[in-house]
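Which chain is which? They are A, B, C and D, in the order written, and residues in each are numbered from 1.
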Amino acid sequence: MWRARSQGPKEYCGVFGVYGHPEAARLTYYGLYALQHRGQESAGIVTSDGKHLHQKRAMGLVPDIFSERDLKGLKGHIANGHVRYSTTGSSVLGNAQPFIINYAGHGLCVGHNGNLVNAHELRRHLEKEGSIFQTSMDSEVVMHLLARNIHMGFEEALVSSLSQLRGAYSFLFMTEDTLVAARDPQGFRPLCLGALGDAYVVASETCALDLIDARFIREVEPGEVVFIDKNGLRSIKPFTRQRHAHCIFEFIYFARPDSYIFGQTVYSVRRRQGAQLAEEFPHPDADLVMPFPDSGNYAALGYACAAGLPFEMGMIRNHYVGRTFIQPSQDMRDFGVRVKLNPVRELIKGKKVVIVEDSIIRGTTTMARVQNIRNVGAAEVHMVVSCPPHRFPCHYGIDFSTKGELIACNHKVEEIRNLLGLDSLGYLSIEGLLESTSASRQGFCLACFDGEYPVPVDENAGKFCLEC
Amino acid sequence: MWRARSQGPKEYCGVFGVYGHPEAARLTYYGLYALQHRGQESAGIVTSDGKHLHQKRAMGLVPDIFSERDLKGLKGHIANGHVRYSTTGSSVLGNAQPFIINYAGHGLCVGHNGNLVNAHELRRHLEKEGSIFQTSMDSEVVMHLLARNIHMGFEEALVSSLSQLRGAYSFLFMTEDTLVAARDPQGFRPLCLGALGDAYVVASETCALDLIDARFIREVEPGEVVFIDKNGLRSIKPFTRQRHAHCIFEFIYFARPDSYIFGQTVYSVRRRQGAQLAEEFPHPDADLVMPFPDSGNYAALGYACAAGLPFEMGMIRNHYVGRTFIQPSQDMRDFGVRVKLNPVRELIKGKKVVIVEDSIIRGTTTMARVQNIRNVGAAEVHMVVSCPPHRFPCHYGIDFSTKGELIACNHKVEEIRNLLGLDSLGYLSIEGLLESTSASRQGFCLACFDGEYPVPVDENAGKFCLEC
Amino acid sequence: MWRARSQGPKEYCGVFGVYGHPEAARLTYYGLYALQHRGQESAGIVTSDGKHLHQKRAMGLVPDIFSERDLKGLKGHIANGHVRYSTTGSSVLGNAQPFIINYAGHGLCVGHNGNLVNAHELRRHLEKEGSIFQTSMDSEVVMHLLARNIHMGFEEALVSSLSQLRGAYSFLFMTEDTLVAARDPQGFRPLCLGALGDAYVVASETCALDLIDARFIREVEPGEVVFIDKNGLRSIKPFTRQRHAHCIFEFIYFARPDSYIFGQTVYSVRRRQGAQLAEEFPHPDADLVMPFPDSGNYAALGYACAAGLPFEMGMIRNHYVGRTFIQPSQDMRDFGVRVKLNPVRELIKGKKVVIVEDSIIRGTTTMARVQNIRNVGAAEVHMVVSCPPHRFPCHYGIDFSTKGELIACNHKVEEIRNLLGLDSLGYLSIEGLLESTSASRQGFCLACFDGEYPVPVDENAGKFCLEC
Amino acid sequence: MWRARSQGPKEYCGVFGVYGHPEAARLTYYGLYALQHRGQESAGIVTSDGKHLHQKRAMGLVPDIFSERDLKGLKGHIANGHVRYSTTGSSVLGNAQPFIINYAGHGLCVGHNGNLVNAHELRRHLEKEGSIFQTSMDSEVVMHLLARNIHMGFEEALVSSLSQLRGAYSFLFMTEDTLVAARDPQGFRPLCLGALGDAYVVASETCALDLIDARFIREVEPGEVVFIDKNGLRSIKPFTRQRHAHCIFEFIYFARPDSYIFGQTVYSVRRRQGAQLAEEFPHPDADLVMPFPDSGNYAALGYACAAGLPFEMGMIRNHYVGRTFIQPSQDMRDFGVRVKLNPVRELIKGKKVVIVEDSIIRGTTTMARVQNIRNVGAAEVHMVVSCPPHRFPCHYGIDFSTKGELIACNHKVEEIRNLLGLDSLGYLSIEGLLESTSASRQGFCLACFDGEYPVPVDENAGKFCLEC
């Protein structure tokens, strides 16, 4: 089966919450719909009517999971929603989020975007003291820490529990009467605040605010914990200030182009990546510039514009390809590629084309697509990539597949060019990439390119192995 | 919607386990099928292949839940199965059993038949110490006790945990390599051991052994804990010996007539109840004796035989009535009764009939059935019931509905006769009932008839209220 | 998979219709529910609101097919319902009935119980003239005849079309404003009329009238065509009078015991069959008489009563066995039998038992059941059967399986006794059988016993072979 | 609910067939997948193994309908597939195609793209002669004509039947051993021939050939009937030659941009439409040119390139929007538009934008989108449309909604500009449109723009009204 983007890096998670709206569940449903690109494996909404929590979580896409009846049953003015692609924990319903517990008569739930690097160690310790874990998710650890600290009071317990965590987290907690947004001190993952009338909204990306016509207020700051309850919004910054480490891959591939994250509009950053590529890898004799749609569209526009070359949609997307379908037999060469994108023969035949790609992870899909372009008779095929080669795994919430599968991990650029069957191949430099963000190197996590991990990791940790 | 037996007392649970058979899951599937009368709300099977646990649990009936593919996926030579009708905990999937936890890298699961009377109190204590409960089932308490005691070693921890429990339990535990059957010291619920070739089988009733052609070995004794592993079967009796308190209602209604429990064949006990009734309430002028099929069949045979009266199947069951169907409009009087049983007009018209019923709980169904018999022209309608009036709720695992709904709780026998529209009504005496079991009063729990609870209960406990 | 009664002769069809009730679809739903024993493969309801027809047909059981929403959508005061087990045509949705056509702007539908013996010949002729058949059902022929004759007017066309048919039919036709019941001149299959307030009801058996509390008026007579419309009920008898040929197997096995058909109550006829058997095959030394429940119950009661022997329910039915479940592995001997019926060991061990069976078709199930009785230690096992040996196939709507599979076709009674592992075996004589009906030989079709077919058949016809 | 393209003109149908390949069903599955844009309501595949036809038809999208098991069951080397959006007949399963009949022991099926204008009249006549219609589709008429003519032999009967039809048809017939492609004499709808090894392929558009890597041979010519059987391909042209009337709207909107139809690549035609628009409606001061993706992409590229203006993807598509989801409450203004396309605020704010749209049918979606652009602060919003105003309904297979709903039917261009809230609005001229096709006016049907219907129609015909 193929699904949209299935061959690219796996996305991690998105969170969306509402406080103070009579249709909290419905708004959250739309918010999750807008964040679907951040997780297609499972989704969940938990609401509170002030007294009880109500929930629905299931495997699948947001519109397939929730019915009108579900939304009606999710009563209350507070909601906490989540879309998930697992980076830790297995792909089972029990691991769908928000994760909900009943503790001494009270309900508490959490949705998590990011990955904790010391979850395994914390869990081992808690289990030794008699805690029973329900899931294999790293996110469950914070709930057990909370349960053991709750005698301090909720806010104290929360700060104390968060202090023990290391790694990436944009958390959305909800009790019967409070919504809490918390972002790790490095600010790995985006998280923003919005308003809709008197209601507050929290979302991973601004595109979710746009869909429900909410007003963007500001981003939640790294290290900030925001409490929203009947007294309004209250913010604390209980942690020592640390250097920021925004995930630069959000700008390159993950975030939606219409979102505003880390202080910038993603579309514009990607367009500048293209312009930067035109400077680093000019192809003055080319006949046309084309993207592999849709992720390469914006850098390709930037390249074509900066280079003064014609921009063409040389490959046509099949609009229905997101749906699972039956595998073809082995002898249908490159079928998986063709079913998603079909080249326009007349446009490409005999031409020198420059393809703009956002990234190359394993290289297998790119190879087949290039072959497809060659098959319809391109004279020359050049490729420029809007980021440096991926050489290191991510430990903060992105699944690039294991290190051994990263093509740039085992091959030099010239070898990759040869493997992909290209006439030339250019990767954007780290400097060029930073230039495109108009921000300093210090603000970003570039670990997947340079291996410098801003928060130390135990490389053997892997995913949890306690599956049921 | 109506379901078979839906108007009678609710059944509680059945357990079935296998150790040492390559088709453990499949045998358990059939075992649960034979025990379906003990719980129709949800079912589950957990298996172990020696290293990992595999599970499938769902709402619904056994044949609707498990597919061939499920059984193939439930790998291993050990299996622990459960059918459930909730007596504590709400009717949600999370409460389906066997209940499974992953603890420090190991899997452990439990199925439970019965009801613990001090579960609420134990839970409150555990939560105060930081334990997070996943369900609203009383059975979860024993797992948290185990987790906190596990440093003692499994057997020690198990005995220590069971010692803290009060009430009714026939437990079936399973780890990666061991199956454990444990029965409370009073022996409220049945539990038996069987063998199939080299494999061991544990089941709530012997009818489940019959279906898979297993040999009956013996009943698990009250207060006995049986460990079955690669070294065979090992039994301990770690608890102080107490008087037995077998649930007499198993003999009257719950257990299948072809099962052998508490040392007797249920069919024969029921037949003797009928004979006893013929002695206590003779109707020498009656034209015929008839049951409300199928639960009244056996006592009716006993009555007719002892009284020398013709036995007739005066009401015909609809074979398809177990299936849910659409409610008729309000004006279709007694429809719910007719859809299940239709009287044979020619047989009943103008006759004096003696109806033998196993028990009268709320009385509403009985009332409609009697009316139905009257409608086709019976001359006289007498009823004899094969147990005394139900006046007290059960706290050990049977749901007679709340005390206020027991018809005998608020009405004398003469009033009940009048409400049901009968010419006469006779309830079997406690002495007659005990006589039919051929056993002493000391061996049984008769609390639902006489209010003498063998294990003290806090009457305010009710079901857990912590629902998710 | 096993389904209730699956090993017995296959039932054919049931029809149920209502004229003049605002809840016609709902009443029909219940009527079909009561007739479910006549066909479990598919069901359908077509209603008319006076202007348009509305329909729902599907594979499966009545309660599984229709939802509340379906019934609401089936608008109108006239309804025509059908349950089906295919005797001609394949088991596909397209063959579900009532069969509906749109003809020149008008809707017309038909439900059929019975089998036409000249359908193949009529179809061949119609196709030659350009008619396109939609299904492989014999019932479709009558619609094409109607379409070609309709210029005569509806009643003329109907009579003309029916005149061309040979074989068994209880038809229920419906147009936008009329319900028509038609029974073949021999009266093979039952059909009755009832009333519910001002509404008329037509049903295959009276048990369907009972369920909706309708009053029984009379049976539709052989060769009668009854038109029900806004002017009330009008009857014609357009065909030459012929000798009657009621299917005697309705009395033996098919019809529900609480139904009144062919002028008698089925329960009483079956009880008399038992009494007749006691006369033909006495077993004065037997310890007990028992049926294979439920179909053998009534003759067994008759036998026990006439013989003065104890009647026992020696085999216990599993209440959930109607549901499909997963096949056991090959080595589970007689599993299919045990899952349906489990013998009560204590009752049978060391006893001389007389089993009363309604019929033996292929003998395989009976053989396994007898073995099962032997396995629990019966001293002697005798069997009496409440009809003569089945030696000939039915061509009028019952599927006894092909001639070669009828055990009595290839074996003498003594051989059958031996094959089934019985100490003795007695079949009711044809005279005894007729005696039990209190009617003359001339009124019944006994073709399955004596091969004398009241309407000549082409033995090579078989089912239609034009499957899609 | 929204579905991709749901607000645009409804597409009609696509056909795809294979002769001579062992995996005919699987290839057809992929072919239909590539043609999904031509019909999303139902789909079907019928195959022949030389002796029997096998079929699967259902409501829904191709990947949702067919399972691996279905494809395995669709045995044979010949296949006939169809995707459908109904232009005649109701949206019910019975109307899914290919339409299959069994006639005198033989199977025959047909898939149809187009609409017959004299179907109603032909049907009335056939019914008068006793034919019974199964569906409300115009396509069924041809089958009844065939059945009545079949005595002439198949080819004769086919030609004779086709001769009686008027209107648009690209038919794909299949018998047990032959595949037949037939295109009406005007050539309204596209149809092409391809080859895959020794197998022949027939498809509505070449994009379906590309997906399975088949080689394009040529288009089926208007008025041509192609027989493909074990003797290879044989073509006849039995009809009088008539002027061609290719549907120009295939070039504007319907066909996929990567397809080659009516002698041209759709992408190039659309790009030329954009260039033509730049000539007719220049906007030299504009800051950027943007499409409403994806249908406007290609003309927008053509406009931007010809005008020397920057092309931007100013609205971002939600990748998951094809899926049905729950309606928002009424007060969420323009939600339906935002959920599909979200404007990039930073790009549009303060800019003069030229939007290129392919067509405006009812105008409601366009109005909301323009408002959306205005909401994020565009300084000026101009729109150019790559076809003339739609003023007339289509009778040859496209559903523009009824005449009254066409915005250009009741409003002048200036009024439309005002209604849509635009600063300027330009529709491509008929001459400009024809220029973009590089073909003469005589070759196309322009009826939706100029009302000159190449085949006379009875405007009152509408859809068939004989629904079941």
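In the analysis below, a residue touches a chain if its C-beta (ideal position, glycine included) is under 8 Å from a C-beta of that chain, and two chains touch if they have at least 3 such contacts.
Please read all numbers here as calculations on a predicted model, not as lab measurements.
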Degree value of the rotation bringing chain B onto chain C, based on Cα positions, nearest 5: 180
Computed distance of Cα centres, chain C from chain B, in Å: 37
Geometric centre distance via CA averages, chain C-chain A, whole Å: 63
Chain A and chain B, separation of their C-alpha mean positions in angstrom: 51
Multi-partner residues of chain A (each touching 2 or more other chains): none
Touch relationships between chains, expressed as pairs: A-B, A-D, B-C, C-D
Contact set on chain D toward chain C in their complex: 53, 55, 100-105, 107, 124, 127-134, 136, 143-144, 147-148, 150, 465-468
Contact footprint of chain D on chain A as seen in their complex: 4-5, 23, 26, 29-30, 33-34, 36-37, 61-64, 66-68, 71, 207, 210-213, 256-258, 260, 265, 267-268, 294, 297-298, 301, 305, 310-313, 316-320, 322-329, 332-333, 335, 338-339, 342-347
